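Two complexes are shown next, each including subunit A; its partner changes from subunit B in the first to subunit C in the second.
Showing the complex of A and B:
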C-alpha cells in the first residue's frame, strides 16, 4: 500500500543500489567530502578537532528544526514561524532557570511542552482552518515574536546560569570530543529516518504531500497527520532552543530571527521537494552540514563573511536544479 | 474564469444598498462585507480611524491622531504598498507564485542608485530609470528561474533573497553611501503643503505611489497582458490551450515585481537620504509585510485572484492602524503590539477568506 501512494518507494525498489538513499544524499556527501579535503589543504586550521566541533555545534539547532521541517515540507506545507517560536521558548526557559532556579530536566520539559504547544497552534490552523501554511505561519511568526518581546519586557535576558550546559558548546557539552547537540541531532535524525521510511504513519506524510485528497480516500487521517508534523517541529524547536541557550549567559531580543530561512535552506539543499511528497531527514542533516562547512570555510579563508549568503543562495539553486533535471529525465525515461 | 473578483460564483456583486432599512437589505450588506474583501477592509479602515480619532480627541493617546498625523504616516505606506503590489502581480500569476527576494532587490538596487548618484555623479533623471531597470533585471533572474527553468517560486526567490542581499552588503563593504548628492535626494520625499485645508503629506505619494497604483491597475485590468496573467493564475493548462504563452506571461510577472522593487528602492534611498546595504532586510525584511498586506488585501496564494484596490486599502489599514498603536503606548511597547496586530489581522482575514470560499462552494 505504501508503494501505491509513494512513487519514490516504487523507484527505489526497481533500482536496488539506490534503495538506501532516495534523493541526492550521495551527491551531498561527495560535495561535503570534497570541500573538507580541499579546505584541509587550503587552510591549516580547518581540519582541527576544535573547528569541526564548532561547525557541528553551530549547525545542530538548524539540523534539529530541519528534521521537523522536512516532515512539514514532505506534507506539502512550510513553517516560517520557527525562528519566532524558538525565541518564545528561549526567553521562557532562560527566565525560568535564572529567576526560579529550575533544574535541567524540568527546564527541558518546559521547553518541549511549550514548543509542542506553539507547533500545534500552527498545525490546527493549517489543518482545520483551511489556510495556506505559508500564510498561517507568516501570521504566527508575527504573533510569536510579539509574545516573545512581551516576555522579554524590553530587556535582554542576562546572566542565564549554565543549567543547560549539557547542550552547550563548552567543554561540558562534549561526548567523545563531539558536541552533545550534534549527537542529539543525529539521534533524532536516525529515529525519524526509520519512522518516515518504515512506519505506516510516517509513510502517510508522503501520501498527504503527494495528494491530500487521494490520501484521505485511502483512509489516512489527513488532519491528524498534518497537526502531528507541525507539533513535531514545535517539539524540535523546543530542543533547539535548549541548544541555543546552552551554557547560558545572554539571550538577546532578536534571538531566532532569520532562523527559518536557514532551516528551509538546509532542508531544500538536502533534496526535499518543496512541492511535497519527497524528501529525507538524512538529506536535511547533510544540507545543514554543508551550509555550516561553507560558513566556516569563508571565515577561515579570510573572505568577507557577507559572501556566505551568496553561497547559500547558489547552493539552493544548484541542489534544486539538479533535482529538477533528474525529475525531467525520470519522466522522459 | 478570469474575473479578478474575490467573490465566489453564487454571490452577485451587488452595489451596497444606500439605506439598509429592510431586513433583506441589511442581510445583503452583511453578505457584501463578508464576501467582498474591499468592502470589509473599507469598513475596518473607517472603524480603526474613527476609533483612534475619538481616543485621541479625548486624550487617551500620547499625541493627537488627526489628519496631519495620518498624512505624515503615509511615508511608510509608499514603499510598503509598492512592494505589496509587486507581490500581488506575482501571486496572481499562480503556481505558488511568491517573491521573497523583493527586500534584497530593494537593498541591491538601492546601493546601485547610491553609487550612481553619490559616487559617479549621474543626474537623478538618469539614475532613477537606471535603478528601476536594475530592479527589473534582478526580477528577470527570478522570472527565468521560475518560468523557464521550472524552479518553485518559493525556492528560487529564497535563493535570490540570499544572493542579492549578500551582493548588496559586499558592494560597498557593508557601509552605507550618504555623500552630499545622496543626501540632497531627500528633497524628492519632502512634505508638501498644497493649501491650508489639506494637511501636508509626503511628496512621494504623488510622485511615486499614485502613478504606480494607476499603472498596475491599468496593466492588470485594461490590457491583454492583465487578462493573460489572471488566466495563467487560474489555470495553467487551460491558458496554454487558449494559446497563451504561459512561460512568457509568468516571466514578465517576476520582471514587473523587480521593477516595482526598483521603484521602492529609489523611494527608500531618498527617504533616508542614504543608500543602506541592509535597507530591505532589517528586522524581518520587507518581503514579509508586503506579502502580509497582499494577503490581507484578498490576494489568494493559489493564484488568479487579487485586486489592486484591495491591496491599496489593506496597505492604508495596516499603516494607519500601526500609526494609531504607536500613539497608544509609551516607549517601545507600541512596536510590539504592531506585530500582534499584523499577525492577528493576517490570520483572521485568511480564516475569513477560507470560510467564505467554503460557504460559497457548498451553496453553489
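Showing the complex of A and C:
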C-alpha cells in the first residue's frame, strides 16, 4: 500500500542521484545552455540585459500558470480554461484600478481571490462531477469567456493606469535587473518544488494521478486534493493576470486567448507526463524558458515568425516521445 | 455497471456544457439585435452588416455610424457578428441573415474566398450584396465601401514616421495576421514608397504578432534589441499599434525610437500623450458605417452612385469608381495628441 502511495520516495532510496531531478530537467538545461551559447556567439544582441529580461518577462505569466498546471496534470487532469479565467480577472482588475482608483494591494487581493474562485469552480466540477477534466474545463473555457465578454461591455479597457507596474515590463518592474514577474515565478516554483517533493499532501497529487482508486484506498482525500490543485492554478492565474496588466495601457477582449496552449506546451516540454503521476515544476519553468528563448531568438536572427510554431511543435513531440520511451524502459526494468 | 453510470454522467455533463455554450452564443445574438435601429415600417429597407467580429471598438464605432444613418435615411439596420474572427462562424451568421430575407447584405469578410460562394447564394435569392471595410474581390458584390486605399494608408504611415525620424534611418514593422490581405497590401506600399521617397531610410524587418498586444510588445522589444540603431517602429493594426508604443515606453526609449500605427484613438491616447506614439493613421470609422448604410440604400432603391456623391451625415470627399465598383470614404486621417479627444472610440 505504501508502495503505491509513495513510489518516488522508494525509488529515490534506490537511486538517490538520478532521482534528485525527476524528469528531463537535465536535458532541458543542456538544450537551453547550448542555445544560449550558440546565440551569444551567433548574435551580438542576445546576451544583453535588455534581451534576457525581455525573454523572462514574456514567459513569466506562462511559467506562473504552468506551475499550477503541472500539479493538475500530475493528478491526471488538465485545465484548458486558464486563458478565459485570466481574461475575467484582467477585465475586473483593470476596470477597478481605472474606474475606482483601487490601489495596488487591494487590486492584487481581488485578482487572487477571483482567480481562486474560478479555479475552485473547475475543481469542484472535476472532483464531484467525475467527468473528464478536459470536458469540464472546455465548458468553463467558454463560460468564463462569456463572462469576460459581458464585463467588457463591447469595449476594450483603455487607459488602464500603471497601478500594477511593479509586475510590468518597464524599468519600474525590475529588481536587481531582473523582472519582478520572473522573480515571482521562480519563488513560487521553489516553494512548489519543495511542497510536491517533500510534503505528504504534495506527494498525494502524484498518487492521485498514478492510480486514483488505489489513492483513495490508501486514505488520500482525492476530492480535496483535486480541488486544491485547480484552486492553486486559479490563484496563479490571478497572479499572472497582474503581470499581464502590468504597466497598464490596454486590455483587449481577446486577452488570454490561446494562453492555455502556451501553458500546456511549457508543462509538456518540461517533461510532465500528460497521463499523470509524473512531472516537476522545475521542468515547467525550464520548458517556458526554452519556448521564450526560441521565440525571441527568431526575431533577433531575423528569421520568419512562423518558425516559432515549427520549433514549439517539434519540442512538444520530442518531449512526449522521450517520456514514452522512458515509461517503456521503466516498465520493462 | 460502474462503467455505464460513468458514461451516462459524461453524456449528461457534455449535454449541459453544450446547452450552456449555445446559451451564451444565443445571448450575444440578442445583444446584437438590440443594435437594430429605425422603426418597423411596412416597406422599410432591411440593411444587415456582418463585421469580422463583434465587440471590438472598431466595429462598434462602425455600428454607431450605421445606426445614425439608419435613423437619417429611415431604414432598418441589423448589426450581427461573431465574438471571434472565425470565417466559419461568420458564414453561419451570413446564412441566417439570408434566411431572414434582408434587402441588403453587407459583409466585412474574414476570409474573402470562402465568403464568395455564400454571397453568390444571397444574390441568387434577390438580396443586394456589398462588402465594406474588407473586400471580397472575386465575389458577386455590387459595391465595396472602402475606408481608404492601400496606397493612401501606406504613404500616410510612411510619411508620418519618416517626418519624426528626419527622413532617414532604420525602422521595422510589427504586423498582425500573416495572411491579412489588407495589412499585407499596406506593407507592400510602405516598402515601395520608402525605397522611392526616402532613399536613406530602410525597413530592417517585418514580424507578425497576431492580434495579441502582449506579443506585439515583446516582439517590438526584441526588434529594438536586435537593431540597437533602430529609430522607428510601425504597428500595423489596432493591437500592435498600442503594442509598439508600450514597448518603447517600457524600454525607456521615448524620443529615441518613434512609433506610428493604425490604432483606435482612445487606445492610443495615453501613448500619444507621453510621446511613445507620434501619430495614429486611421479613418473616421463612424463615417464608414454611415457611408455603408447610405450605399446600401442607394443600391436597394436602384439608384446609381455618382463619381462624387453627396452623402450627407457630415461626410465630405467620398468618391466612387464605377470600374471597380468601389466607394471610397476619402483620405486617411492622422490622429495626434492634438485631435485625439475628438473621437470617443
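Simple rule for what comes next: the second predicted complex is superposed on the first by the 326 of 333 C-alpha atoms of A that agree within 3 Å, B and C clash if a C-alpha of one lies under 4 Å from a C-alpha of the other, contacts with A are read in each partner's own complex, and residues count from 1 in each chain.
Throughout what follows, contacts are C-beta pairs under 8 Å (C-beta built on N, C-alpha and C of every residue); 3 or more make two chains touch, one makes a residue touch a chain.
Keep in mind the model is a prediction, meaning the values are calculated, not measured.
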item: Contacts of A:43 with subunit B and subunit C, given as first, second, both or neither; value: second
item: Subunit B versus subunit C as contact partner of A:316, first or second or both or neither; value: first
item: Touched partner set for A:296, first subunit B, second subunit C, both or neither; value: second
item: First, second, both or neither for A:132, with subunit B first and subunit C second; value: both
item: Contacts of A:143 with subunit B and subunit C, given as first, second, both or neither; value: both
item: Partner chain(s) touched by A:275 [first = subunit B, second = subunit C, both, neither]; value: first
item: Partner chain(s) touched by A:156 [first = subunit B, second = subunit C, both, neither]; value: second
item: Touching partner for A:306 - first (subunit B), second (subunit C), both, neither; value: both
item: Partner chain in contact with A:261 - subunit B first, subunit C second, else both or neither; value: first
item: Residues of subunit A contacting subunit B in one complex and subunit C in the other; value: 129-132, 135-136, 138-139, 142-143, 145-146, 149, 154, 257, 306
item: Residues of subunit A defined as touching subunit B within the complex; value: 78, 125, 129-132, 134-136, 138-143, 145-146, 149-150, 154, 257, 261, 264-265, 268, 274-275, 304, 306-310, 312-314, 316-317, 320-321, 324
item: Subunit A-facing residues of subunit B, complex; value: 98, 145, 149-152, 154-156, 158-163, 165-167, 169-170, 173-174, 283-284, 288, 291-292, 295, 301-302, 331-333, 336-337, 339-340, 342-344, 346-347, 350-351, 353-355, 358
item: Complex interface listing, subunit A residues touching subunit C; value: 43, 45, 48, 50-51, 54, 57-58, 129-132, 135-136, 138-139, 142-143, 145-146, 149, 152, 154-156, 158-159, 168-171, 244, 247-250, 252-254, 257-258, 295-296, 299-302, 305-306
item: Subunit C residues within the subunit A interface of the complex; value: 6, 9-10, 13-14, 16-17, 20-21, 24, 27-28, 31, 54-57, 60, 83, 178, 204-205, 207-209, 211-214, 217-219, 221-226, 228, 239, 242, 246, 249-252, 266-267, 269-271
